[in-house]
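Should a chain be cited, it is by its letter among A, B and C, assigned in written order, with residues numbered from 1 in that chain.
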Amino acid sequence: MNGWSGFQRDLLEQMPLILAGLRQTLQLTVIISVTGLLFGLVVFYFSNSPYRWVRSLIQGYISFFIGTPLIVLLFLMYYGLPQWGLKLSPFLVAVIGFTMNVAAYNAAYLTTARNGLDPSEIESARAQGFGRGQIFRWITLPQVLRLSVPALTNQCIGNLKDSSVAFLIQYTEFFARIQELAATNFQFFKAYLLAAVVYLGLVSILVLMARQVEKWTRLPGLGR
Amino acid sequence: MNFFEIVAQLAQGLVSTVVVTLVCSGTGMGVGLTVAGLRRMGYAHLVPLLDGFTYIFRGVPVLVLLFLVYFGLPSVGIKVGPLLAMALSLGLIAGAYLAEVFRGALDSVEASEILAAEAMGMSRLQILTSIEFPQMLRLAVPGMINEFTSILKYSPFAYTVGIAEITKQAMTLTATTLRGIEIYIAVGVLYFLIYRILLAGVHFLEKRYQVPGLGTT
Amino acid sequence: MALIQIRNLVKKFGTHTVLDGVNFDLQKGEMKVVMGPSGCGKSTLLRCINRLVEPTSGTILVRDQDIMGPEVDVRALRQSIGFVFQQFALYRHLTVLGNVVLGLRKLRGMSRAEAEAQALFQLNHLEMADHRDKYPSQISGGQKQRVAIARALAMDPAVVVFDEPTSALDPVMVREVAELFNRLNQEGVTLLCVTHDLALASQIAKRVIFLDQGVIRADDTLENLAKHHPNAQVRAFFGDKEAQS
């Protein structure tokens, strides 16, 4: 196949940019995985609020962000907000948009886990005299987090793959750099194949890490 | 133009969105059933291939695969149309995920029932299609809903290969009217509505084909 | 002065009246058994005492304090009442030791060392110290009950309340449970036990209270209740073969 040497030459030439893009991808993934989890915990905490209106609000939030495409949210912020004079950087748009989306999913996983808890343990904690916050912190959360490890780690892997969407709002992460590489020599197939292989490699590493986390968090008698 | 005019304009992309979603869902179902079925039939030499397929197609981002198929294949001589490109990327990826969902559901089918069918003299394929799949489909409903929703939410990528679906309409509209906020909120609402209708449709089918004692009831 | 005094306790769930004017005293150091058929309100009665369930009307005095007032610190009240549930409700993500220590650390603010020392003392007392690092899923029903009791006693409560202590255990365990209760009571623990297990009741109490359809219908020795109570249903419940036919 012609163009291999040309492709290699361009690849080596653009390597610094591509590596920078890779770093951006990983950075974005890590950030949104963390913020998505933290915000997801907040949403999850309020999903059990004693106030009906709070619960409805949370339900609506989760339902909406699970039911609408992430890209729409990103476009809303990137192409829409300037209408109100608010021009956010691609990075900020990506972080905010992803966080809100990921948090909804994480809250849903945690809620599923909570539905599997033994209600008498909660009642027992109330009988001991624990307050709502304490019960959440010491009884609900430790169990729910452990039960949700597969779903939460899966979400992180999804975050890595979805980070490629940020390219559509002009965030120069790895996939954006691949585009540039492809555009210089029109070797689209090789470039995108390379991208696919790289993502696959990163995902494989995450999968191994996820298995480790599952091992660490396992407890006898708790779910799995 | 007021809000409703915006929605009307956007709705011009509705058909394309629905077509893309249905095509990819159909592809996904076909691929998923085939992979799950082949694995279930137990051809030892095929299993590594099937495992490889599911691993690769669950590990690659949709956008990357789409570009590989639509922009990449032509440079090795294979020309692919936009809809086919969507089917070969989003559809195959959905197929890989559905194969996993089906695998779990198939494992829940009672071994004794399969044994009884064998004792009756049914062939492996017959058992698969008349005993295992019917049960599996009912058990796999939540997983399928998940995946179809996912397909709907990745359907906007179709605009990158030139399909004039909802998001594409939104982009052109924003460029001309500069009212991005209302437009994208309308888009979000539109997708959300499609999602709810999809859900209602699946629940309707679920109820229609429900069997007492089997599945999510 | 009674430790717990209940007067005219009423609890309705919607239109359904579960407790219909219950009067009840529990003295310090006493071991009292409340019996009755399913649905008579026994569990609800217990849950009213620590306000896990809010009474509809009536007064409850614990240590001479009206616990129904709005300024009452419900959590402090609950800390003074040890509650052992039917299925024991141990926190499954914590070890045996962890279960007993949690309340001491988070509710009493003890340091880790203090809490563990106190917890081990209680576990030792109930012969469960050897299992301190096991998880609830790894111990038997009888052992879970002991841990639940240790968890309750560690908080130094005024009374320990049991909701159907033997229903989650093998019938052969009843004797052991009765011995344990008697021992605790002899050591000065006030016990309130709700059960429908006659075998248990006969081994731990001379007098039992009969609760039926939300009202206390009798307060007498088991023998009297079986043989001499005017109401045939009551006699039947307590084992009078003739009345059962």
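Quick note on the criterion: a residue touches a chain if its C-beta (ideal position, glycine included) is under 8 Å from a C-beta of that chain, and two chains touch if they have at least 3 such contacts.
Small disclaimer: the values here were computed from a predicted structure and weren't measured.
Located most centrally within the structure is A, per distance between chain CA means and the overall CA mean. Chain centres here are C-alpha means, and the one lying farthest from chain A is C.
Mean C-alpha positions place chain A and chain B at a centre distance of 21 Å.
Centre-to-centre separation between chain A and chain C, using Cα means, comes to 47 Å. One simple way to say how far apart two chains are is to compare their mean CA positions; for chain B and chain C this gives 55 Å.
By the touch criterion given at the top, residues 56, 59-65, 67-68, 71-76, 149, 152-157, 160, 167, 170-171, 174, 178-181, 183-185, 187-188, 191-192, 195-196 of chain B touch chain A in their complex. Remark: chain C residues 50, 52, 75-79, 81, 83, 85-87, 89-93, 102-103, 106-107, 135-138, 151, 155 touch chain A in the complex.
Chain A meets chain B in the complex at residues 1, 64, 66-73, 75-76, 79-84, 161-162, 164-165, 167-168, 175, 182, 186-193, 195-196, 199-200, 203-204. Residues 118, 120-121, 123-131, 134, 138-139, 142-143, 146, 219-222 of chain A are the ones that touch chain C when the two sit in their complex.
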